[in-house]
Amino acid sequence: MNHQIVIRPVQREDFPAWKVLWDGYNVFYGRSGPSALPDEITQTTWARFLDAAEPVHAIVAVRAGELLGLAHFLYPRSTIQLAPSCYMQDLFTVASTRGKGVGRALINTVYEHAGQAGCPRVYWQTHQTNVAAMQLYDKVAEKSGFIVYRKLL
Amino acid sequence: MNHQIVIRPVQREDFPAWKVLWDGYNVFYGRSGPSALPDEITQTTWARFLDAAEPVHAIVAVRAGELLGLAHFLYPRSTIQLAPSCYMQDLFTVASTRGKGVGRALINTVYEHAGQAGCPRVYWQTHQTNVAAMQLYDKVAEKSGFIVYRKLL
Amino acid sequence: MNHQIVIRPVQREDFPAWKVLWDGYNVFYGRSGPSALPDEITQTTWARFLDAAEPVHAIVAVRAGELLGLAHFLYPRSTIQLAPSCYMQDLFTVASTRGKGVGRALINTVYEHAGQAGCPRVYWQTHQTNVAAMQLYDKVAEKSGFIVYRKLL
Amino acid sequence: MNHQIVIRPVQREDFPAWKVLWDGYNVFYGRSGPSALPDEITQTTWARFLDAAEPVHAIVAVRAGELLGLAHFLYPRSTIQLAPSCYMQDLFTVASTRGKGVGRALINTVYEHAGQAGCPRVYWQTHQTNVAAMQLYDKVAEKSGFIVYRKLL
């Protein structure tokens, strides 16, 4: 039996299964234990995905009813474009499916959404040490040469 | 005579003087001649600074009525925060005032705005070869270790 | 031959046909001749329908490739709800199809969009003298008992 | 001793005093007892006032440290303007100060904010039976002649 992977926007009922992925993603970025993401943020972020006044979106990869991956993207303004940019803030796939095209399918779907929205570009950030992710990223996008500075207030 | 530098939000009347700075900034990033930013984008971006429905802001450094620098920042949503992030998209000072604290004063004012807005962080991007800018950035912020991927659609 | 009416979001290619409807709608509200809506506003409003960062939407009623009506709706925040409200700002059908269910189908489609977006209510305004429109409105919604005050600045 | 009334944006510390006014306002509109506004909405609405990504604002009237009134306004898009509209959703003053100019001062401050934001108009709704409020509204604005339809989903 051969189940196809479907990429689609999240729905209200996805919350429990999405949260498992989201927790896994946050653990990967060190947000666990005492530095875990507060539940209030998870609840608020989820509500924003479903809020028509918020340009924040979530898609999931589903196979036979099982969620295998997620991507979250938003449409921030840009001062050098008429249309907004598309910023993919989060991308995650379950470990067992890595290397099977789920991440790539999620990225391509973000490209489709952004293209239909008239965005001239999609961008995201990755840590300079994340060579596993870059193997995929180098195939579907390009390093811009820009690095990120930040200031915690 | 000793004129103080004042940092303040742009006003409608600033357009001509702001545009001179904006054009200089765009030339720096290679957006000149055939690849110049279309005037429609400049007009739209300016209108957005003054639009109460757009979370896009511009401040300028002014000394004795003369505009010496600009910073543009926006408040994109973040999936890992309740409050938005503060993204400083553009920063520019006129060549004659470099090294005199104008850029730093603009950055500090962005920090103040973001702090009052409850943002836990301010971030921006710079090209990895822009060592001149990094001399300042390394004093007022930190390299996050993240790099930017992008895909032109 | 029996052509079905389809209600769908506007697409880039709809602009010329949409503009004919939009102009008709504006004439109805007295925005013609010297008080016509400036073309810049029409262009900007159209761009907003297609802008992923703007919660402003347009749907059209189409039969056999011909546009018969439009509805524009937006999702303003409300202080007494978690989800935004849905405000239908504009509704228009071509004179030749009045009374044939096009307006009702447009309103029902706005209800569907709003419902999927989790909005608890849709509202709109109509002039107290517009009895023709109210014949339809009284069937699909209710007078709230609220009246609108305004101040031109 | 003569204390002046100051109108200013809300600050984080105003929450307890603002909530007393907000509760009074909600009681006036029948949102009390079993139909009281859920606390989650009050918390979320308050957070939005302080959120730089939300075009939702609150001002209060203060005399000698005491909050006497509130106004909440937002900047929804409009299809017939370049700039957003300004919609005053809530206005309330404590009973003991009615008729002393607090409501008028709040409305005038909303006008100032909207004017600085380039909005061509401010509007609000009131129930057709609220003759007390209309005594003030008829002095500072005009009945537009529009009435509000709504559909609960």
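Labels A, B, C and D are assigned to the chains in the order they are written; within every chain, residues are numbered from 1.
Here is the rule we use: a contact is a pair of C-beta atoms (placed from the backbone, for glycine too) under 8 Å apart; a residue touches a chain by one contact, two chains touch by 3 or more.
Here the structure is a predicted model, which is why all the values come from computation and not from measurement.
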Mutual neighbours - chains that touch subunit A and subunit C alike: none
Cα superposition angle of subunit C on its copy subunit D, in degrees to the nearest 5: 180
Farthest chain relative to subunit D (centres taken as mean CA coordinates): A
Distance from subunit B to subunit A - Cα centre to Cα centre, in angstrom: 27
Cα-centroid distance, subunit B relative to subunit C, in whole angstrom: 38
Shared interface positions of subunit B, touching two or more other chains: 55, 76-77, 82, 114, 119
Pairs of chains found to touch, sorted by chain label: A-B, A-C, B-D, C-D
Of subunit D, residues touching subunit C in the complex: 26, 31, 37, 40-41, 44-45, 48, 54-56, 72, 74, 76-82, 87, 89-90, 111, 114-115, 119-129, 137, 140-153
Parts of subunit D lying in touch with subunit B, wherever the complex brings them together: 47, 50-53, 55, 75-77, 82-84, 86, 113-114, 117-119
